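Letters A, B, C and D mark the chains in the order given here, with residues in each chain numbered from 1 onward.
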């Protein structure tokens, strides 16, 4: 068995564990940000969970890099894997890839293709919006003059940003919060654009079909 | 006559009554929200109308569920019917389905297909915007610090949200108002996107046709 | 010569005069709104110009209605002509139709089709934005608490509305100003959407062409 | 060798120098705007750099005009070259044209076409956003009542404008700043629309491909 094959087997076997780890990472971050009076013991525990799961991603990436035949090519084609190490909050997006692969293994997928596209990009937008809400709430809540006072404010801000409505009643003011906002604008707008676009085109197509019968 | 056939006959026969009930529901909600000094007697009357029409939707849904041969499939394929029971303000959207079916029964529909798509999605966006304006006005008008003071404010907010303009001079601040806002953003943006998109494509197509002659 | 033919000849002959009248109407409205200390004499003069040009549109519409063989059909198919009588500020949009017809009379139009679509819809958006700026400035400038203090504010508001940016630093607050705003949102968004959409698609197509050579 | 051929040779030879000059112009403008306590000597130096590089563009345009056989046609077809003389901050956009030409000279370009479209329009939007941030920061920072206090504010404003989010927490108030804003809205919205649109279409296409295998 050659190295490339071994790497691929490894990727398939490790997938469910990494997915669980990524959800655990999001959960640990959410608990640390959202639970107000966390006791020092629990705080240490959840920090540890964050650190260990993040360490797992790093270790797994390095292991695959070492096993790879052509390392330069690996770094270039797997730039997304490197990105989710730097921004681990984006990691749960792999949930979609995993679910999609499971769906395609079945002979008759339960959802039509168009519905799946909407479901997956919608789910990705939801995860991204949730992660951005957490990050902005974390960075902004104690900033002087901030308009992000509760987690509900942060979610409301994420909604109005993702749909490009942009009320401006709630906006980040710290540099880190604004960087998160800029990422959400560009990435999220494309994702929500894909959902809205496919819903619109589905609407138009359905009317057209009915018009022909 | 088998059960499935009976269910279909029932759906066809009950359609106009349910449509009338859904418009009555919207009207009763509008009266309760918009008429300022409603006497206790009238208030009780319109509350009763709301309750009875809503009860009718529930009863009709349960009846169809019982008559159905494959109940699991019924729940899964008719999820839209379940949704309009939870959010009865969305019920009048069925008006469009009914009108479209009536149009298609004619040999020569009066409107071209493209115009019909624009008319239906436009009407749906209008109904959705009106229902959202009512709900937001209802939830926000007495909230401290609210910017939604008159029904006109609520309609203006709905307009700027549906077109994703999002001025932010009028925005909901209560949790329920913001949930309504988020629903309007996602659903309404897609509907208005469909109208604007088909108008744009009609414009472009018309220019192209003129360019060829 | 039959009646329908006579109506068509009339339309062709009257076109340049009506176009001049529509530009005169826009100019007279602009002067009344924008020139600050207009003397009573000039004010009366420009009011007269507005009134006479508008009366011309009404008379011309009625004349064509009388000359028409099938009046119901005339009202139905020429609803745009009725609209520009109610909202005469939209009248100059016919400039585009006229220019396009002149272009098509030539054997070799000077502009490519795509550029013409962009030019016409862009010009329409410009005219609509200018008319809406005038109307909003007219209605809002003396309203208490208004944010539209100068004509520049009104133009800036129109820009941010047409591109659906919607900053909200300048927004109409009077009912009439908000109705103008809602019309601008829906109509203008579609027009600008057509321009931006064709520019984007032109960009993408140009890159694709270059990629193939 | 005829004149037209000589002009083309000249364009090819001068390209790298002009590109370097355009980046130098942007850099000199950025230094003058962003470095706070610039000594008079350095200020004079960078002003000189701006002036010389801008003079180079003018000279090069005039030279090409003189060498051209059909001068009217030159002015008409090269209107973009005239535009970047009036607005030299747009000049670095030619970087994209140059890079694209270099890519196409290779037999096997390193990036797929779709990725290149996204990269080029994305880069153009980035350059445009950076130039607009500089210009707005330059015009607004000392204006009374301005919300653009730091360069970070200006970048944040450019982000929210380019994605049509338009929070409105930071907006230009001076006439020149607003003209910059209007240009950014129309041009940038089309560029970002192209990026977001191709990303969305790439997402949808990828899902579709996976659905077929």
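Quick note on the criterion: a contact is a pair of C-beta atoms (placed from the backbone, for glycine too) under 8 Å apart; a residue touches a chain by one contact, two chains touch by 3 or more.
Since the model is a prediction, treat every value here as computed from it, not as a measurement.
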item	value
B-D compared against C-D, more contacting pairs	C-D
Interface sides of chain A and chain D: same vs different residues, half threshold	different
Chain located farthest away, centre of chain C as origin (C-alpha)	A
Repeated interface matching B-C, over half of the contact pairs identical, chosen among A-B, B-D or A-C	A-B
Superposition of chain A upon chain B: rotation angle, C-alpha, nearest 5 degrees	90
Intercentroid distance (Cα basis), chain D paired with chain C, Å	32
Distance from the mean Cα position of chain D to that of chain B, given in whole angstrom	45
Two or more partner chains touched - positions in chain D	164-168, 197
Chain B-touching residues of chain D, taken from the complex the two chains share	164-168
Residue ranges of chain A in contact with chain D within the complex	100, 104, 113, 116-117, 120-121, 161, 164-168, 171, 173, 175, 178, 181-182, 185-186, 189-191, 193-194, 197-198
Chain B-touching residues of chain A, taken from the complex the two chains share	152, 156, 159-160, 163-169, 192, 195-197, 199-200, 203-204, 207-208, 210-211, 213
